Structure formats: structure tokens, C-alpha cells
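Can you read through this structure? Questions will come right after.
Residue numbering begins at 1 within each chain, and the chains themselves are lettered A, B, C and D in the order written.
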């Protein structure tokens, strides 16, 4: 984060970025599902769109707010004392508000009700384990790549999510705010609200294990950039 | 833009770039539709081709003309007083001429009539809203990324269009000149000429909101590069 | 090209690179066609493989030989007097020999006869026009991008071929040596030997028009790098 | 490799990286196969996921251990005397252990038995030849790209494997540790344990030929970076 941006701008960036991310995840799911009779093809479209938007948003907004767009990421930076607790809570609120705005904006352009009840069941301990692994991979990537090559973070996040959409049994939600939003769409990328707590638990556990792994592997030193 | 290039060269670059962009959008739509029985697969081919060509053209011609290839982008730079009104009008004319030449060139290699009547209906307020969101995302990306990392603009534009082809209900035309061209092809990427004004209105609105958001978020300062 | 490499090494690089390029084009066509019942899916696999290998080969071997792997590219550098006529002829011979070796190596791993008779008809003036446009786009990209951003050439060539596989009616052979090789495989990426001369004529015309366009747009100055 | 990391950390990086690589290869194969009825679509998902994860892991862990994740790569660096024999054996053990852990982790999230008996027959001399070519391409890419542009190695490895999944008759295992792991999954990316020795033989031969080609083409000089 760059000191030249005030908290107000940083929160606006978090809300806008999370809204566009959610709009991309849900919108590409709706369109892909309408166009293709093959769920593998639909997930390819969903993957490309999500990864492309992530790389763009993190590049565009990273220097403003750090481009978290994800409460699990904010949590780790609060624990690492790189973001204060108060700012972290405001970040999370902005991410949640942005995510819910993104749902409505997407449904509007497809001329659907602004909010729907998510209907896809994603239950079972395997799904929780998958979310832990997905979030571990995401958070470890962020921490390790900013030590090795900070400029590559936007692309690295896009790539680890590209992989996650396919290698995890849950298709890598890996983000509590996006998970909340996806409980309000009855489409390809939705889930039942009742399944969200399992996802959040997995995401929190995965993020913490990643933060710990980073300390074990690299020690407690701070990387060069606070992004 | 680099001062070493005269207006004549800049207009030639805008026309050539827009022609190749249109040829890629329409040509890949025709071939993909012929090869595949699945519209999702066809859109994957259409997406890859368009994004790849955008990254190449903006890299190759950016230093000559700024590589707008898009009247909505030119409009924003005229409003920001980075391009004069007269040059902006000439840019738009070159983009329109290039777009129409691109249609004919593409149809010729597929041995089709040089111009056709676009037949795909893309109507309803959702389509207009989708175009506003698509163009907002495109223009905001250009403005924010050139502040953050100007060298990444060619790839960022390719990525935001990759995402746009999937997350917007209209598949992101996001370009008035390309919209005009697509009204003259009766193929996968075409639309009815009667639907074009709704698209143009959405594109103009999205571009203006993006320019405003940029000022609100980043203030009135000029970025380092005028590309 | 780097003066530290002798002609012998440069020819070896051209032969090896062209062989791996041909093996990728033909091999991915065979596998994709076996795996998928949808020709659009097969072309997606063919595209990804070809583009990925091109970016790698040009990066790995560019400083040795310039990484032409393509007689149309060598022709343009001979005309620009950046490569001597004698070296150009040897380059072309190395490319042809490498291309034919690549066919045999590919067929061997699929346990097919080392050489087959290409059977896919690719005739008609539209195909010739498509090859001219495809080769124009390839050569213009090489010339313009090495002026603007030489480090991006390997990726730019990969991207312009990615687009070309989809926007041209001929799927962008755009390379006389690869065209020759593809006349000796009876698989997804093959063509009849009788159709090759039309492709060569289009490729030559496209390359010359690209060289001319470069001079008109940028003038006669040499770019920074001779790659 | 960076001297600041001890052997313990380097082995941890090799094990973690190989585990995540195997989890991606096998997990994406399982999900893709479940989602799609078209094996070409499944291989596209498998390819994207594997390539994306490779680029991330090599960037994140390259400066710790060199990011081999592959006994064939370690073998070449031992022969080049860039890694000692003892360290090389420990690397190989860490890679094998990581690979087997990756299988169990993946099966767990899909709620399958932790280890299965691989059932896909991949026999015949063509498969061995394909593995030799695949590993040749991988190792030659690593050696040549680190001479030309070391920063590009993570992406170059991702790209050469992207191509390899399609141009080789065996879909490019190109890694003895991953081959071992894939013998313990009864899914899209598995193989029979009885076929593994043929793959290992091909991989070893391909790696050695690549190392030799590198010396013939570039001479015995060491590249700038030991990564």
C-alpha cells in the first residue's frame, strides 16, 4: 500500500475490486452455462474470466489498497501486523458490501432478480478440506511470491486460482466474501447458504496454515514490499 | 504517443489496428462456429483470438498512435485534454474506416459477400447495462493501469476483454467502431444494426463513468505516460 | 543474433527449433483429434500447444540464430540486408530439413508411418488470401514489436499465431517450411501437397507487404536489436 | 539457489512443491473427467491447471531450492556438478515423499481411498519415445532459457509442459516422481505401475540427451544463475 492513499480511497478500492471480481465469477458462470451443454467447457470459460479479471484488478488497485478483495487475506495481514485491526474490519466490511453489490449488478444485466437463493449443494468434509487446501495455496502464493518477485503477484494470484478452479474438489472459492455472494445466486457458480459456514471454516484454517508455513520456511523477516 | 510520429502515421496506425482487430473478432467467430457444435467452445476460440491480437496490436502500435482502436477510448482522452478535438475526430474516422475494411477483408478470405446484414438480436435494457459495465471495466483498466504499470497495458486490455467476453450479458463489444462493423456480418459475432444505438449509448455512459471514477479515486493528476 | 555463435550453431538452432515446432503442430493435432469429437476443442488444443512452444523456442534460441524457424521471415531479413543471401539460403535449408525431421519424429511416437500423404483439401483463392493476411500479421508483428519492445517478441509471435489459428480461413500456416511438413501427414493439421504452392504464394506476398508496411509506417531506420 | 537457505528448508520446499504439483495434476484430472464428456475438454482443464501451478510454484520456491520438483532435473544438475550427489539423493527422496503425499491429499478432498491402483495402460515403444522427447524438451528449455532469460524460467517451464500435454503421445509425464504418484490413482491422469519403468527409462534418456545438446550448442560455460 502506498501512503498517498487515504483510508476512504482504500475502502473504495476494496469495494470496487470485490464487486468486479464477484460480477466476473457469477456472470461468467451464467453465460458459460447458457452457451455450453458441457460443464467442463463452462468451467473453462469461468476460469479464464476469473483469472483475467484478477490479474487486472490487482494490478490496477494494488498500490491503492493492497488489492486484498478477500477477508482471508486481510486476516493474515492483520495477524502479521501489516494492517491494523480497525482497518482490517473496515476492509472486510467493504469487501462484503462490494461482493453483495456485485451480485445485484450481474443479475441486473442478465435481467434476473437482483438476489436469488443459492441452490447448489456443496457439502461434506471433502469440500471443507478442499477449501482449506485452496486457501492455503492462495495465501502461501501471495506471501512467497511477494518475497521472490512482488511484480508478479497479480499474475501469480490469477494463476493459482486458475489451477484451483480445477485441482480442488470445491473449485476453489478461497474467499469468504465471494462465498457469501455466491450464496445469493441460483446459477453455475452458486452454493447453498447453509454450506457457507463449512467453506468459511476451511478458508480460515487454510489461511492460518499458510501464514505459519511461510514463517517456518522463510522466518519472521518482512518482505520488501507491503503490498 | 511519441512526438516522432506525424498525424498521418498515427491515423494509419489507428486504421490498420482497428481493421486487424475487427478481422480477428469476426473471423474467429466464423471459424469457431463452423468447427464446433458447442457455443461455449466457439466463444473460447473467439476470446483467445481477440485477446491475443489486442495484446499484439497495442504493443506494436501503442507508441505510434496510443493504440486506441476505439472511439470510446478516444472520447475519454479528448475529455481529459490529452488528445485535441480535431485529432479525436480524425481518429474516430480512421477507426470507423478501418473497422469497415476489416469486415470486407475477413469476409473475402472466407469467400463470403464483402458485407452482410447482421441478424443476431441483442436487445433489451440488460444488454445496454452490460455494455456500460463492459466499457466501464475497459476504460477504468486503461486509466488505472497506466498509472500503476504502463508497460502492462497491452496485456491488461487483452485480459479485461477476455473477462468481458464471459462476464457480461452482451459479451463485451465495448467499442463503437467494432459494434458498427459487427452490424455488417451475418455470423457468430454479428448483431442487428437496429440494436447498435443501444450498444453505443451503453458504451458512452460506461466510458464517462470510468473517467469520473478515475478522478474520484486518483485525483486529477496526469499519469507518467501519455500512451 | 549474437556474434558469439558461429554459422554451424545457428543452423543447428534453426533445424532443432523448426523440428520441435513442427512436432508440436502435428503432434497436438493428432492427439487433439483422437481425444475430442469436437473440431473446435481440437483446434483449442492445437492452438495452445503451438503458441506455448513458439514462445519457449524463440526465447531459448533467439540469441543463437534469431529464431526464424520460417523461410518467410528469413526472406524478409535477407531483403532488409540483416542476413546475407548465403546464410539465408542455408537457414532455409536447415528449416526445411528440421521440418521434415519433425514430421518423422512425431509420427514415430504415435507409432505411425514416418511419412504420410497429406489428404486435407485446402484450396480456393480465399485460402491463398488468408495465408497472405496471416503472414502479413506475423511478419508485421515481428518488425513492429522489435522496434517497440524486443523482449516481448517471443510472446508476441505466440499470440499472433494464437489469433491466426482462429481468425484466418486457413488457420494460419504462415510458414513455408511448416507448410511443406504438413503435406506429409495425414492428420488434423495436414494438407494436400498439391495445395502447398497456393499457400507458399500467399505467404510470400504477405511477408513482402508486411516489410513494405513497416517501411511506410516507421521509415528505413534499423531497430535497436537485430533479433 | 540462494545460499541463505539451509538444506532442511530446501528439502521442505522440494517436498511441498512436488506435493502441490501432483495434487494439481491428479485433482484437475479427476474434476475435469467428472465435468466433461469430451476427453479433449478434460485435457484442456488438466493442462491449464498444471501449467498455472508450475509457474506459481517455481516463482515462489525457486530461490529456496531451485524448484526442481523432478528427479530428472536433479539428475542433470548433479551431472553438471551444480548440486552435490548427497544433496541430489536427498532432493529425490523429498520429491518422492512429496509426490506420494500429494496423491493422498488429493484423494482425500474428493473423498476417495488415499491410494488406488492405477489402471490406464500406457505401453508400447512409442510411449517411451514420447517420454524421451517430452523430457528432452523440458530439460533443454530449462538449460537454454536460464542462459538467455533466467526470469522467464517459471513461465517457460509452464509453457513447455502446456505444449507437451498435447504434442507427445504420452501427454508428457516428463517427471519420474510424478510418474510414480500417478501409478497410485485410478483416474484420468493415472497409469499402471507396470508401465512406469518404460516411462522412467524414456525420461532418463531424454534428460541426458538434453544435457548433451546444451553442451554441444552452448559449450561448457556455466550460465549466470544457478537456479
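The rule is simple: a contact is a pair of C-beta atoms (placed from the backbone, for glycine too) under 8 Å apart; a residue touches a chain by one contact, two chains touch by 3 or more.
Predicted, not measured: the structure shown is a model, and the values here were computed from it.
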Each chain counted as touching chain B and chain C at once:
none
Any idea if chain A and chain B meet via the same residues, over half in common, or different ones?
different
Mind checking the centre-to-centre distance between chain A and chain B? Centres are C-alpha means, answer in whole Å.
28
Using mean CA coordinates as chain centres, what's the chain A-chain C distance in Å?
40
Scan chain B for residues touching two or more other chains and write them down.
38, 41, 44
Chain D contacts chain A in the complex at 9, 12-13, 16, 20, 23-28, 30-32, 35-38, 41-42, 44-46, 48-50, 52-53, 55-56, 59-64, 105-106, 108-111, 151
What does chain B use to touch chain A in their complex?
38-41, 43-44, 47, 51, 124-127, 129-130, 133, 137, 140-141, 144-145, 148-149, 152, 156, 159-160, 162-163, 165-171, 213, 216-217
